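Each of the next two complexes has chain A plus one other chain: chain B in the first, chain C in the second.
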Partner chain A sequence: MDIEAEPSLRSIVNHESLKWIFVGGKGGVGKTTTSSSISIQLALHNPNKKYLLISTDPAHNLSDAFNQKFGKDARQVEGLPNLSCMEIDPDSTLENLQKNNESTFGSAGGNDPLKSMMGDITGSIPGIDEAFSFMEVLKHIGETKENQIKYDTVIFDTAPTGHTLRFLQLPSTLEKLLGKVNELSGRFGPMLNNLLGSQGGQSIDFASKIKEIQVQVTEVNKQFQDPELTTFVCVCISEFLSLYETERLIQELMSYNMDVNSIVINQLLFSDDSECRRCNARWRMQKKYLDQMDELYEDYHLVKMPLLAMEVRGLENLKKFSKYLIEPYNSETDGHVVFDLEEQ
Partner chain B sequence: MSELTEAEKRQLLREKRKAKLSQGGGLDRLKKITGENNSKLSTDVPTKEPTADATTTATELPTQGLETRINAHDDPVSEIPDPLNEGFDGKEPDLDQLIASMFNKSAGHENPNSEEQGVPELMRRFSSILQGGDSGAAGLGAEAGGINPLDLLNSLGGSNIGKAQEEYGSTPEEIEFNKKSIAYKKHQNEVLKAKILVVRLVLILSLLFVYGRDFSLSLFTQTYAPNGSSFMRVFLTLELIFQTSLFFFISKNKNFTDDSLISKLLNIGGAFIPATYRNLLQTASKYQVLLSMFLFDLSIVVVVFAIRAAFNF
Partner chain C sequence: MDPFSILLTLTLIILAQNAVRIVGKSQIHQSIWNLYLRYSNDQQILKLRNLKAESYDVYKQRSNTSAQDEYAKWTKLNRKYDQLQTEIKAVSDQVSQQQQAIEKYLGLAISVTTTLPLWLFRFKYRKQPLFYFPKDTFPSYLEWILSFPSVPQGSIGIMFWILLLNKFVSNLEFIVKTFSTKVEKPVPIVKVEDLSPK
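On to the complex of A and B.
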């Protein structure tokens, strides 16, 4: 039976069980605009559900996209009550961690020189952004604590490809690592408890802590590999490097058993009858790669989005733009939207 | 045939996508993008016709025959270097191998054929060290029954120490050369000191010879008498010039080493002394050299005067 994948993200928006949606691709292709648009469409189509959009890119853009200041804690989008956003900041997350540790292990006082040194060292560890993003995932994986909102779906506005792949590989690596640590803790657990666990007058059972984390990580890994719970939306533009990287990304993600079923192609000119020579030449180039994509990705939801005359910023503009993720853009009937955005 | 549910459609599309990427399909796709392969992409993929089983939920559909997870070893795509993703190969590291390799490296050698690798090898070395040397453990001073410090350093520091060893010489010829070089420098230093001593002795004795005729006067009157000869004044002036010159000389001359107590203390514990104090102590050491020379010169004068007074000549 020949099934055609429709050129929209309707299947994602109408998907009942999706818990994690990753949006990623090469730098500068419109990941933030796309992830914001997907989140808005999800929130609009499912008003009874709660959505959280998290930026894991160290160079955060969500605040700029929505024209609203977001921080390390989830904040509701003004005008869309069932959508919240947050930007993971390694520095402040580290600060919080240190505070938690102080309350758990006791503090050496405000002038602890080790504290700032460890902060500097930890902040410069490669992949620390991914680790903190992963911690955020862990927060939402288990039972929600008191005063914590339970989100139905979490959308990730990810960093460019390399970071994202590291982030997605983290659960599986961590699961194996924790397995090893768990094995060793059987032998050295009592010694570790004696050495480290009695700080601050409290006894901490490291073996059980590690076991607890391992269970959570295994659950994350399982969920990330379940196509009914997790999906990845690739974002690209119709150019060689972007197409090449998208293909690489898809192959890598499939090797992690992750589901990729949608590709959003941004910044298309659709200028068949334009008088602008540059636009026409560029559109011809875009069409060449579009043809390749149509051929390569016939089993994917290939969503073609137009390049607009202005930046897509602010909730209203995002709403106008995001509409075409669900209703495929037609340059003949929808061309007005190119100049229809409100200036921010 | 009944209409497929959304879940079933998703599952079928997923299977099609996986099938296309399996069996080297990934490489073909990349070649297609780079223009190396102009052939039409194969779109004929074996898809499963939904049967009665398709009425079950998508997650329950059998996927046994469609397990097409890209194996990094089989996938030719993984052989293509990815400039956009440099330093990250996307493969999960084998932790056992990683740990074993780390321990092997820290033990200063890698022997893939060795049966005792990784942690056991390291533990064997530690236990051997603790037992005071085992003839079976390479480089643990079997002859002396103790620990060869170089091998121990190699065990603990790995290849870096080995590198340092290469730089500073490890062959018997190089060690012999280093020894000879140190002995030569020591000899040069002694010759230099002897020359300085001779110059000083000649100067003092010449001075004594010149002022010997006025020996009838006491040292005090010779020095402070308004019209008398001023042996001490000349002596002190010459000493001042000499000591100043010597101070600059030993400051500039790196080969000059002194045997003062401060210098010896600096050699032993210099690493534990703060830089500010270390510089002060080095300067103090130079002044100690000058002071000892002055006292030596003065003692010659006193001795010569004492001898002349005793024998009255």
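On to the complex of A and C.
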């Protein structure tokens, strides 16, 4: 890339083929606001496409961000018909998953030791819960029922860093693990099937069930590593620890072959000549890290967002705020927005 | 071979065998491998040496850089350090394959030089008396045992000499170890009441 990356998310908004957009970063840096803003801008710029914003954070705040109640089923945002939101409760998906597991590996026949062993094996694989809940989500989105809308792009508002990483690591870990299980079941499968079959009355083809899951996981993996389909937007604030975490996040994502080329730097003060001494000092500190970031991530889209006077909540406020994801914020001409938000 | 040369060679071999046993095969492997690492001209090993030196250099630079004041510089060093670490790991994996091969041959060489000649001697000179006792030193049934299985009565054969030497070395080892290990002196038991302030 010769040209310096422009400091906006225009490339994402104008992208034709993106299917999955992840928004992640440390806690408290404005992930939810950013993901909502990105979704709104996508929906505004491409009125004929359908978008879905999903929060996988156990502490849901999409409802708060939009001032509208969302649940585990996709619901349209009032005033923006081509954007829907849903909040997934990881715990309830887990319960579903366990029920699902039971049906996958034979109905739980009370004290059947073999079946509970199967449950233990599948349950003890690290990160398996996330994998299943994630596949559940994908299945949910992927199903094309008659009255269900097909979404062009899904935006994920992910939980703070550690959780996100584990979530993304899954396809590759699971793939390795399933390879091992496959190998084993090739040897012991017939025996297992015999045992299960003689007890449950019906033969359960364990190996083929696992292969089925592997196919799904591999497909997801392939999609996530394709920069035409998936991208990751990092959100951070201009402070040391946040930048440090962001760097780690980026390195980690790159090791999973995920595409990362945008960083949103939130909560900047832009107070060059204000009366407030504290603001000035703080802005100087932020600028120090901004310069460092410019140097470090020169081929990334570094989007600089202002800190507003109030919480950015409600569709109208989010619209005003999100504008600057596309058109870089200019503190001289756009300064009015800081106090422009409507009181909720 | 005259009896004296056989005696001497056997003694040397057995001493060597016992030395290997006492020092430990892995210890010998390790020290030879260390020598090899230091003086070898192998490409991989040279590369590993350079990488390690470089990584130490980067590590020192990183430690001398303030992460908060020069974030960009620090992060670049950090990236470089991480990258060097992964490279080092890859190269040392390859090198450890070499190490395994070398250890395999070394182990083979040690057992061939210490065990094989012993068996050959046992077979070839099994009827060769090494030395005779002066007449009537032991009662004849003892002499018969000592000359078992195939040397003339009244002499010592290879079998018995090997047995005696091994016994001698292991007893010597036991004595040296017993007297060279320090034994902790027992500590007098302190009653709880004695500790509490009066």
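We adopt the following convention: the second predicted complex is superposed on the first by the 271 of 344 C-alpha atoms of A that agree within 3 Å, B and C clash if a C-alpha of one lies under 4 Å from a C-alpha of the other, contacts with A are read in each partner's own complex, and residues count from 1 in each chain.
We adopt the following convention: a contact is a pair of C-beta atoms (placed from the backbone, for glycine too) under 8 Å apart; a residue touches a chain by one contact, two chains touch by 3 or more.
Keep in mind it's a predicted model, so treat the numbers as computed, not measured.
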| item | value |
| --- | --- |
| Fit or clash - chain C, chain B, common chain A | clash |
| Partner chain(s) touched by A:Ala309 [first = chain B, second = chain C, both, neither] | neither |
| Partner with the higher number of touched chain A residues, chain C or chain B | B |
| Partner chain(s) touched by A:Glu228 [first = chain B, second = chain C, both, neither] | first |
| Partner chain in contact with A:Asn14 - chain B first, chain C second, else both or neither | first |
| Touching partner for A:Phe240 - first (chain B), second (chain C), both, neither | both |
| Contacts of A:Asn261 with chain B and chain C, given as first, second, both or neither | first |
| Of the stretches 2-10, 74-82 or 164-172 belonging to chain B, the one that collides with chain C | 74-82 |
| Overlap of chain C and chain B interfaces on chain A (superposed complexes) | 240, 243-244, 247, 251, 292, 295-296 |
| Of chain B, residues touching chain A in the complex | 1, 4, 6-7, 9-10, 12-14, 16-18, 20-21, 26, 29-30, 32-34, 41, 43, 47, 49-50, 58-59, 69-72, 75, 77, 82, 84-88, 90, 92-93, 95, 99 |
| Complex interface listing, chain C residues touching chain A | 67-68, 70-72, 75-76, 78-79, 82 |
| Parts of chain A lying in touch with chain C, wherever the complex brings them together | 240, 243-244, 247, 251, 289, 291-293, 295-296 |
| Contacting residues of chain A [partner chain B, same complex] | 1, 3, 5, 11, 14-15, 26, 161-162, 165-166, 169, 172-173, 176-177, 180, 226-228, 240-241, 243-245, 247-248, 250-252, 254-255, 257, 259-261, 292, 295-296, 298-300 |
